[in-house]
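Order as written gives the chain letters A, B, C and D; numbering starts at 1 within each chain.
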């Protein structure tokens, strides 16, 4: 069963229809676990902004953390806020000073709203802007019928991809950023952790010419998805010895790079152990707490380079995604396992907690999935 | 008709057979046009060398230049010398101090014999060694039944590729070096000039995830080969406007990179004209004579980077080839159009001059093609 | 005689004084040679802009070209336009939506007004924006009592540098961009062409740890300035053999890099000839017309990288300048040979044409030099 | 008191004098703490080797670890072995197949003897060779009257530097490798840990144009040496708050890079905390045991790049040292605090343990210090 429906079937309703005053939204209403579906005002479109009718939205692990109100969420999120930072929408209205988009265009969105003034922003590194605010975390996001976004954050979705794929360009961008942080083509790479971004990374690494792409996870369900994303080999790190298996696959040479998507300390250590000397580990996965490394043996004596990866390069990563998806070289559909109604948000949370899902995409009220 | 025969059919004769004293070879016997097939001594295997029985050898444009005795050849080649710098052979004998290969192994060869002492060699850049000597140009090469090569120049051919492909790893390395001199994945690239190295570059760029690979040439025969190497678009630069066509294919964005394989001044100028600002041109093709550029308009105002490309990175390029071929991501067979007997060398020259050939591979005396 | 006066002596008049309606400016009034000093309106400060009282302005070769109305100028400049793209000013007024500067602050200015929407701008490469407009070329510049600039183009001048130096940060940025386009520290570099940007490049290369910095020019006057900028060696390319002299200075190794500031074809050819294999040439100098190279011998066989350099990286280059000047590591004063009244603009042009000047800085009407 | 005596005073004895059969050497004679001065045979000069008369040798922290027989030593060193991996010597004899050096030349030595066959060695990355053997650790080293070394490891010392400096090119190379692992010029850098390599790194960073070089340590003695190596600021990390002080020095911008020479977990954490987003930490210091990091906050959210640094790039680093020292841009003498007789090796160990020394250099028996 392939939940993804071709783009052609998704013709949008005319955008000229009158805007309602209120809309449904998935709102973090108060400190503490949970989220509510509420009626909230349709947001006004400010200067420099676009008002989008949301067509599809992806659910991210971060949404779960906010739902569960973990320590990070409790320290950062200021309720009430509408959740959702991965989505595609149709342009309904342009704010003052916006010349670039037409009503009816379908746009995905960079979720980082950056300051433009810090050193990072002024040197082409906005992805590490010191004053980043994130859609669906710090400001209202896309788990709603409508959302406003800065026009500079909007990206015209390639015409050939289904809405479900356009909805997840934001997390795909994390994967692309991680994969492209070092050499890929003609290299042996492992992706440790096969959640949705790990699955996307497998697809990107294959599309970009890695000659061996090895996937590891401890979930047979996810490893099966990894196979469907064309991993050359999969390792069940709960049952198999990762280091031995990789040595075997790479004929003793070890890995040229590890794309670390799990945040799991053992995955990091094993990945470093089996990197060839001079290799790179690009780390996107967030550990739950600090952990230790044997730095001498795993990093310094081996001459390893470690990259901390956050966000997407703005906007190289988006051009790269556009090219990968627009050319048809990359197909994410096997990693998108469920399309659900947005009003079933609590069910989606449960599904993700069960571990029996890849990427889950939500269809807002009134949209046809 | 596919001239390439699977590797499995190529079982070598036992390497223990007694070595003859003389052998057949294609020799540049004297200054001036032409080449002769001669009986010459089987070379002795010196310290640090391997003696190879040649299994297949590729014919290169450089061989034609030496045959025709152009100005470059007249200034460099010191006859008599056995031609041939692209080949795969079977190890017959190891010289003193060589521990790494076994008799019977099939090896391709880096053709540049480097000094190991100059700045380039001492900093990982032997491909621009100041004292390079080239097999088949400065020392006896592989258009013969046997050849000796420095053991450090030998590369175990991947087990899964046919002999015809192993024979052309040297020129494939030129292509890989050129393609990988700048960004490839998720990029729009053009290959200008679809001789064998250009054709290989198309395959490499596709395998390495370029999202648009455009081929240009003035020969319909070669453009047809380019299509078979999976170019996304081909441009007949003799009939079509290259710049306009590229603008159209890239939706106005221009190219991220040009892989210049023709040495043709107009191809260079047109390629630069349609590079996006900040793009790169990697230049392998050798022009017949100096030519001029409008540097301000084509290079400086656009912030272009130009790379002069020579040889293969020793030995990154070989690891990359090994990975690309060994993983099956890259298939060169459509570019290898003819397999001929080495004794037909003069016919091969004629065929190449006619322009109705891609890569031509020769089968030495006594080998079964 | 050092024309540069310490910053402390330059206390600005109070910025609260009433603005006049008109001001003096050096205006390219019509197509054809020449420029006029005219009374023009003081510009209004638009949204996103700063109005600056000009404190000092540098004269650039480009100003001469516009004065002389060469082919490039005739094709690009649309009179009337106030000249001047190198200057430092005091903030007098902030336009709507500008929060970052206070009245009275001294700011230098990036001269490229970029679009923010093209691929280059969206990927951290605004210096090659496809829609650049230049202050003093395409829009009114700083050879005037007042000028308006986009606030994003303004850069707070380091407090410790004299006004004359702050005035020339724009061309200094060209030099920094060129020098930092490749390795510098512990390298042997040559600067070919010792006009003001070449002189600045000498200082930057020395400050950045180049171990040998060789200057060449054909003007003894400029070579003397090169010595004052601490070139390790100077070559009079009109009388001496550049290639031989460089070989001698580098003990046969050749140069690691050439910073090409002359646009002279022979300087380019000689620089390439004496680059070590694998070296780089970064080209900022603009030739008068297309010229030819022996590409095989000078670029391809040597594995050279050529960079076309334009503008300044926005804004890495400005941070780098800030650090170099603010730390006192770089002193440009020997290269600033003349400080003149702006009303003497025609005299400044004559001086520059005579070749007996380094950088010439102008003091606007009413300012004390 | 400056213990360094100009090179000119060091004229070597004639190299033609007859070689003795035995010599004095500092030998790790058996597992367990300590080292002995013994009479041992003068080594025979094998093929590809040079026999050197040792002129000066530096004492390294690694020598202390072997003396003390820590866990690392116990796991690696196989007594008996002559210690000493930093030294300069005079060529006495060339083995078979060595053409490059003349008797009487002074050479410093790369201490890593590499295999030449692993992936690292074959791709210009011998510094992370998988089969490295180290002089004075795995094979007999330079704390002796004579030593043999592979000729490829020998480096002609620049003529203008004193013997004491030539003796410590090996650890200087560690510093150069670390500093040059990322941007230096026009950057704000900190060196955490002011042992000899940290002190050298300060000098290198200054020579290479860093605009702010901050030193930290917990030893007032070492911080005083840091001042003498021209650190722009020094921080006593035992008494002062490193993060606050750096923020203050960098006017809130944070550091562009940290050169980590201490192996101290708090230095690493504080260094990461005050790196600007997107900055780099290059780690050479070896911690005593594994330690933990708050990866999310210190590495991933900030987009930091960490480099593990080992050895010296072979031989870029040596060319860089040659240029830095040979040009006089870099002066290491303030960091070389003691020159002692080699027979006082035990005293040198005591001195280093006391923490009241920078680099200690030893003068072999029969040499005049």
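Rule of thumb we're sticking to: a residue touches a chain if its C-beta (ideal position, glycine included) is under 8 Å from a C-beta of that chain, and two chains touch if they have at least 3 such contacts.
Predicted model only: the values in this text are computed from it and were never measured.
Counting steps between touching chains, the shortest path from subunit A to subunit D takes 1.
Set against one another, A-B and A-C show the most C-beta pairs in contact at A-B.
Note: centroid distance subunit A to subunit C, computed from Cα atoms, is 43 Å.
Note on chain placement: the centre of subunit A and the centre of subunit B lie 41 Å apart, centres being C-alpha means. Contact of a single residue of subunit A with at least two other chains is seen at positions 119, 125, 319.
Across the complex, subunit A meets subunit C through its residues 100, 117, 119, 122-125, 313-316, 318-319. Interface residues of subunit B facing subunit A in the complex, by the touch rule stated above, are 176, 180, 184-188, 207-209, 211-212, 232, 319-321, 323-324, 326-327, 329.
Against subunit D, in their complex, subunit A makes its touches with residues 119-120, 125, 127-130, 253, 263, 276-278, 283-284, 286-287, 290-296, 299-311.
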